Amino acid sequence: MGNQIAAFGEIMMRLQVPGYELLSQASSFNYSFSGTGVNVAAALSHLGHDTYLVSTIPDNPVGDAATSSLHKLGITSTWINRYGAYIGMYFLENGFGARASRVTYSNRLESSFNKAPTDLYDFNRISKAVDVIHFCGITLAMNDSIRSQMKNFAKTAKENGCLVVFDCNYRPSLWGESGYEAARAHYKEMLHLADIVFMNEKDALLTLGMETEEIDREKQLTDLLPTIASHFQIAIIAGTHRTIHTDQTHSLRGYLYKNNSFTFSKERSFSVLDRIGSGDAYSSGIIHGELHGYHSQQMVDFAVSAAALAHTIIGDSPLLSENAIFQAMGEGIRDVER
Amino acid sequence: MGNQIAAFGEIMMRLQVPGYELLSQASSFNYSFSGTGVNVAAALSHLGHDTYLVSTIPDNPVGDAATSSLHKLGITSTWINRYGAYIGMYFLENGFGARASRVTYSNRLESSFNKAPTDLYDFNRISKAVDVIHFCGITLAMNDSIRSQMKNFAKTAKENGCLVVFDCNYRPSLWGESGYEAARAHYKEMLHLADIVFMNEKDALLTLGMETEEIDREKQLTDLLPTIASHFQIAIIAGTHRTIHTDQTHSLRGYLYKNNSFTFSKERSFSVLDRIGSGDAYSSGIIHGELHGYHSQQMVDFAVSAAALAHTIIGDSPLLSENAIFQAMGEGIRDVER
Amino acid sequence: MGNQIAAFGEIMMRLQVPGYELLSQASSFNYSFSGTGVNVAAALSHLGHDTYLVSTIPDNPVGDAATSSLHKLGITSTWINRYGAYIGMYFLENGFGARASRVTYSNRLESSFNKAPTDLYDFNRISKAVDVIHFCGITLAMNDSIRSQMKNFAKTAKENGCLVVFDCNYRPSLWGESGYEAARAHYKEMLHLADIVFMNEKDALLTLGMETEEIDREKQLTDLLPTIASHFQIAIIAGTHRTIHTDQTHSLRGYLYKNNSFTFSKERSFSVLDRIGSGDAYSSGIIHGELHGYHSQQMVDFAVSAAALAHTIIGDSPLLSENAIFQAMGEGIRDVER
Amino acid sequence: MGNQIAAFGEIMMRLQVPGYELLSQASSFNYSFSGTGVNVAAALSHLGHDTYLVSTIPDNPVGDAATSSLHKLGITSTWINRYGAYIGMYFLENGFGARASRVTYSNRLESSFNKAPTDLYDFNRISKAVDVIHFCGITLAMNDSIRSQMKNFAKTAKENGCLVVFDCNYRPSLWGESGYEAARAHYKEMLHLADIVFMNEKDALLTLGMETEEIDREKQLTDLLPTIASHFQIAIIAGTHRTIHTDQTHSLRGYLYKNNSFTFSKERSFSVLDRIGSGDAYSSGIIHGELHGYHSQQMVDFAVSAAALAHTIIGDSPLLSENAIFQAMGEGIRDVER
Amino acid sequence: MGNQIAAFGEIMMRLQVPGYELLSQASSFNYSFSGTGVNVAAALSHLGHDTYLVSTIPDNPVGDAATSSLHKLGITSTWINRYGAYIGMYFLENGFGARASRVTYSNRLESSFNKAPTDLYDFNRISKAVDVIHFCGITLAMNDSIRSQMKNFAKTAKENGCLVVFDCNYRPSLWGESGYEAARAHYKEMLHLADIVFMNEKDALLTLGMETEEIDREKQLTDLLPTIASHFQIAIIAGTHRTIHTDQTHSLRGYLYKNNSFTFSKERSFSVLDRIGSGDAYSSGIIHGELHGYHSQQMVDFAVSAAALAHTIIGDSPLLSENAIFQAMGEGIRDVER
Amino acid sequence: MGNQIAAFGEIMMRLQVPGYELLSQASSFNYSFSGTGVNVAAALSHLGHDTYLVSTIPDNPVGDAATSSLHKLGITSTWINRYGAYIGMYFLENGFGARASRVTYSNRLESSFNKAPTDLYDFNRISKAVDVIHFCGITLAMNDSIRSQMKNFAKTAKENGCLVVFDCNYRPSLWGESGYEAARAHYKEMLHLADIVFMNEKDALLTLGMETEEIDREKQLTDLLPTIASHFQIAIIAGTHRTIHTDQTHSLRGYLYKNNSFTFSKERSFSVLDRIGSGDAYSSGIIHGELHGYHSQQMVDFAVSAAALAHTIIGDSPLLSENAIFQAMGEGIRDVER
């Protein structure tokens, strides 16, 4: 009933200070394993698909723990290689009110994934086995070897008739100074290969270097996205606009450009428990909607509902059933379910 | 100075996932023991009364833990039988914002309480020893044997001059399809025996099958309750109307029908930490007020204040002194008490 | 490279009081999911096989958690049905020194597994898909419907050429008074179907009602097992003899009867952290050894080494690689590995 | 079936560093409430008696917590006064192997109990209501007012026909330099009033200032105790000899002098989890045995078994049923109970 | 680059119930060490100064833990004496919504600090070594000996050219009935010695016994403070006005009187995680601003920003870098920092 | 009264799985900061010396936490640079009985310390300020730049009259294949500069490539060490011989070669709670003994006592007072200290 879906990307260990203490106050971490690919695969697994991660982790107890953790999230580990010695890690200190959450990366450049030789992967075989492959801009920022693996994989996937998904996900800290210029050509290559793209007006303006006379972000979006869709032959472009309020709540409005027309969700506001990974819940909602033939409004409403709920679940990986997301689409806040 | 008060009902083990994780994410539970009877007896014990539970638990380490826990709540265990092998249990996952709290019951139908033979209990002796006995609609939903024990006990209590309290507490999931019809006769029997009843307009409409032309819930209430009070000869009928807001706060308005007239509290709004058991705090407040001769307005204000505070205390059982409830009646939010 | 192995049996939730507190002292549990089938499948998954559980769990958050947990243990959940409302549970209080560990069962008789109708399972299809199927005497003790499912499954498996494994695992508390007589016929049926059997001299004497003039348990064993193997046409009979010492250490000696001859391991002594599930580690070691063509001495040494190590790992399910078990076979205690 | 038993003494808060960290390493405490009187009352409550503490605690949240905690231990709080502002506290760091456990007292001299005016207590009424009253040497060390209350209470108890129990329990750190001389007269007064006394040869030599030519502790005991029993007219004198081994185990041998003859238990050895409170388990065993008419050998074996088991339970207060103690008297170490 | 700053005051142990449980529900505390002096020294250490505490703690494991804790906060312990046996302690139960946080003090009057003889301290040597010394009204409330030490130290500090800081910090519970009268002369002496004073209109009206015809608290402030500054020759008087809202947020407005003119910050509103110690964050901000030559508006904005952020950090001691405080001055709520 | 002592080396973050779970079972770590230099400096700080670490950590929240942690251990951070982005990390899974503890390193080669440019350090200034500088073989294994810094620092220290301490501490995994040959020249350079050296017979045979005809490790030691001491002009060579038993206990025997003669401690046996860092406790004991003029027997007994106690304390860094170590030298196991 579900589809076969793979995601290509790094598995990172998240080390989270429990509660609201600072790293310099606490003495323990909760750990879990995440990454854009992990999050998308976990979300789609909970929506009923068979999901696979295409990645590389070390052959040591940390790699074992990562594998167990992915299994727990419902992801099949068949295409995860064991190679190298390290896993990328990041520290997370939860913010409170006026004090923002803080992410500190440990060394990911020397990780098993980022040092893995290309011949570890059999992209052709994987492409023949799945319907959809998901890529993201964070992986694209790593190094030349990874970039080449990623484009290679995307090309092979396209040739084999897979749906190619690309989440632009530009992270300034990974590309450094003059990063937009450095990234541009790589992004363009990926856009040429992609069927579904997640991006917003900033990606168009900064990463692609486009221009607009509009100032309002929504108008910029409606001005720029059609050009991109047509130029790169992209079937679906989608994303969200987020607003952060002063009372620990956020608002999200989803948008979708498909068949030459825009669809927007209503703006949803909600209390935030764990913000990380909510973007991946949105993409998963769109992918799922497309695979199940939802019409555009349903697709964008479903995806925003998934993203909103993802803020209420601890951990980067959204663990939501289709049913729970539909319920949350229609209703107000409910009393205890019993 | 306090009264002798007994409650008849099942003791359940609550298995609560700590924090905001899902059952499928976490690996530990906090456990406690609760039930409507437990909650009411615990609350009245903290208000200065001598309280007893009339119940049955297994003679094993789980039964020992339940006993210790009730003792800690200030409840005397003299009339708790040890029989059978199981205790009813339920799992609680805390909701957050748009994600509602979820209760999953384990098998309570085979519990010691629900399988206990009637001759375990000496209702006559208990009725002679106490002033008040509390019953509730959850117990009434269990099985024929329990229903018969309950009515028996209520009759004996009435004959011995006890104040009989009955909380309608209709739970659709326990009565199943066509539940209202199935429940009706049993509820009517209990209402005939009761002096103080907790119910709302839905109990009147659905369980008792009454009719009204009013649409607003408050108007339905004022239309229906006087008929019930007069028909069943009930001295006091009380309850609350709850409104759930989108920002993790609730509002409660208490009402009381006594001596042919209605009294309402102001509507109170408050942040919610643990919603379960707050209804039992309200009933306890009314019972305490009646025993201490509060006038109607004081009684309903006191009970709503107790219910509001109960939302700020973890666990099903409200642990509030009379003093703390009075303080909360008068004031706004206060700074640290030191 | 590994085999396809299924196990048939109930998934139970283990609620363990952390540390050494009593249930009546503590206020939290660690929970996990286990059962003989779970333990064997988890162990064999860590030894490189593809493992499946054939079972039934409720379609609610507890069932979701069980599924996640099995995935984490490396078990595929394809053949786990969702039906009914309850999961079997047991409470575990850790003993210390002179105070023994205590297991208290909650109601498992009404569990999803024990109430599941036979037509939920497609034993034929499963038997065609796997090489080995594992059954155990605990399942056999449940009720007539389960017994019939189990024998049915074993017959179908045999017909399809699967290796049938049966662990006698007689639990007196499950069969009640005159239990040995009640169980005898059922055990005999299973022994007729089985290729590999785990049993000891007590199973022969009590469950099968055999007689011997020997007094020493090892002599009883060598007297009785050959008769059983020959009568029921069993290829391998294996088991362990355990000795419990006063200083929190145990000793185990493994035995194996195959091709008309006995093989014994040396007696191994070791400190005990978590005793539950160590028998399942032993069976897994024998099954793995048989599938990989180990010679008899290697097989029994490997299995005892696996069982010994399983006592040093928390949880019922042994999580040991083949490599770790081989290491532990040869060496004394080692210093920190770094 | 049980007796009415009261204990007079201070309730202290125990602040225990979890695990094996030092106070300067950790950041949390587990807290509980204890004291010789608490421990004895809790133990006897679990042996089926109705037990009361006669004490004073502050009327604040700490006093509330102490009351809840005593209730949980099965102790009735009717005769516990609320007065003053402080509770005595002590810090406990668990030792490991060569590193001994460390107790650090906070200020107990200004505690509610130690500052309570005598007229808070109605010793006469309590003495009329109970069968047995327990006193201890720690209370005797506090201050003149407490000493006078204690002797007063003991006299009243004696006059009312209560069994008076006195545990010598001399703590050098509480009496300071020349403490034995300072304590002597007070101890003698208590011995004159007591029916059951717990003491050893050191109490005789140092506190009472007696002399003996024997060197071995057991011979000193048999030389000195008969003189004391006869001089002070004491029905029963009992105690234990402890030996501490290098492998985290202790040995205990119990003794009892009654009707002019000595009875000794076998020496029992056991692993130690929590040593504090084990002496109180011994006294409780003797008191229980005397009340139930055990013969001398049974009494001392039961008491030593209770003391041994108390070392395997966390917390100062032993929580053992009569049944569990009898089981532990007869058997070796057992496998999991299930 | 930083200054040498000392604070004189007691080090207390804070025993905080984790989460939102009551002391009578929970079984563990988180502990830390605090006090006005500790908080101010910790805050200024994180702002780049070398800070010292002048205090006395016991020479036992609790004193060791206090020392380690102060070191962790960045405070040098050179001038902390080891004397006496006790440390002051307080219990903290976190409030939630309508239920206020509750502080219960244990006995601090007999603490090492409050019983320390004057000759333990070499105030002259300390005064020569530092630039600033901080005192507070809580210390002034302790006893005559401490008051005399404090005034002595302040005089010596003044003579040695130190900047003398005095935080009025009047705590009614410490001075008892007629406390304002009792405190007045002592406060006046300290005001005569101080260069920087933290106080509000209530200190003027109640402690100093001044009068005003104004009713609004801000107008009272502007009416009374200039008189005080001129009478006592105080260079800077500063403080905050706090408003507590019903939704777990507070507002603060800072004020500063310097060079005959008032400066006010904007009123800032923020969610509150841990309110205790936020006043000390404000004082630290003012002291730091004065030492670094901030102009008045910058100083009061910086201090209010520090106080606002301190509400978002667990523990009494604010741990904020200058940079973090400046960031929080300018901006709205931000997304995750990564 | 104490000395000024510096240690040069990396600060690592230790991520320890709590209890006895595997990394793949657990979901949290306890973290702390350690390293040979940290451990030695912490131990000597608790023995009354002023200690400094000479190291480099990142200028981010992880670096802040490391600094707080070192402060808590009593180490002054004046000479710790902030540079680079990463800290070395290692994972620790506690072994139990037959299952050995497991250390898994994360990437330390790119750490701030290992990438720090030499000009960050002012070795000359540090050498003038301290009496003793400690180096170790782990640092020597890092890379050429670090090796050059280390030799440089040791030379400068020697020229400034500091006592140079060198702990050979050869870790095969850090030097790789043919590691002994690669390491030899570097070790020889350090030995020429050192006054106190920690090494054993394996260092002599393998790292220095010496030969002996003896087989027993103690005889090898007495054969080889005098030659080394004389060749490299080393005042003191010391170390321990460890034996690991099967019951979670170890034995240690210390040795010391000084003034042409050997001194041995008795062999001490003890239960092991945390083995890591015990070697650093031994070195700290020798250094402290030498600085305080202990005679040889006292020095080696003190050091072995410190090492034995260090096995009973959680964390890598031994936190023992001189007094506690002396107590442990003389006595057997003691009862609770109270």
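A, B, C, D, E and F are the chain letters, set down in written order, and residue numbers restart from 1 in every chain.
Going forward, a contact is a pair of C-beta atoms (placed from the backbone, for glycine too) under 8 Å apart; a residue touches a chain by one contact, two chains touch by 3 or more.
Every value quoted in this text rests on a predicted model; they were computed, and no experiment measured them.
Undergrad: Out of curiosity, which chains are bumping into both subunit B and subunit C?
TA: A, D
Undergrad: Between copies subunit D and subunit F, what's the superposition rotation on C-alpha atoms, in steps of 5 degrees?
TA: 120
Undergrad: When subunit E meets its copy subunit F, do both sides use mostly the same residue numbers (more than half shared) or mostly different ones?
TA: Here the answer is same, because the shared fraction of interface numbers exceeds one half.
Undergrad: Counting in whole Å, what is the centre-to-centre distance of subunit A and subunit C, each centre being its mean C-alpha position?
TA: Centres of subunit A and subunit C (C-alpha means) sit 42 Å apart.
Undergrad: What's the distance between the Cα centroids of subunit B and subunit E, rounded to whole Å?
TA: 46
Undergrad: Spell out, as numbers or ranges, the residues of subunit D touching 2 or more other chains.
TA: 22, 24-25, 27, 68-69, 102, 105, 247, in rising order.
Undergrad: Going by the touch rule stated at the top, which chains touch which?
TA: A-B, A-C, A-E, A-F, B-C, B-D, B-E, C-D, C-F, D-E, D-F, E-F
Undergrad: Would you pull the subunit F residues touching subunit E in the complex into a rising list?
TA: Touching subunit E: residues 68-69, 71-74 of subunit F.
Undergrad: Touching residues of subunit A toward subunit E in the complex: what are they?
TA: Contact set of subunit A toward subunit E: 19-22, 24-25, 90, 95-103, 105, 171, 173, 242, 244-248, 275-276.
Undergrad: Quick one: in the complex, what on subunit E touches subunit D?
TA: My answer: residues 15, 18, 22-25, 27-32, 60-62, 64-65, 67-69, 85-87, 89, 91, 93, 102, 104-107, 109-111.
Undergrad: Can you check the complex and tell me which residues of subunit B touch subunit E?
TA: 247, 249, 269-273, 308-309, 311-315, 319, 328, 332-338
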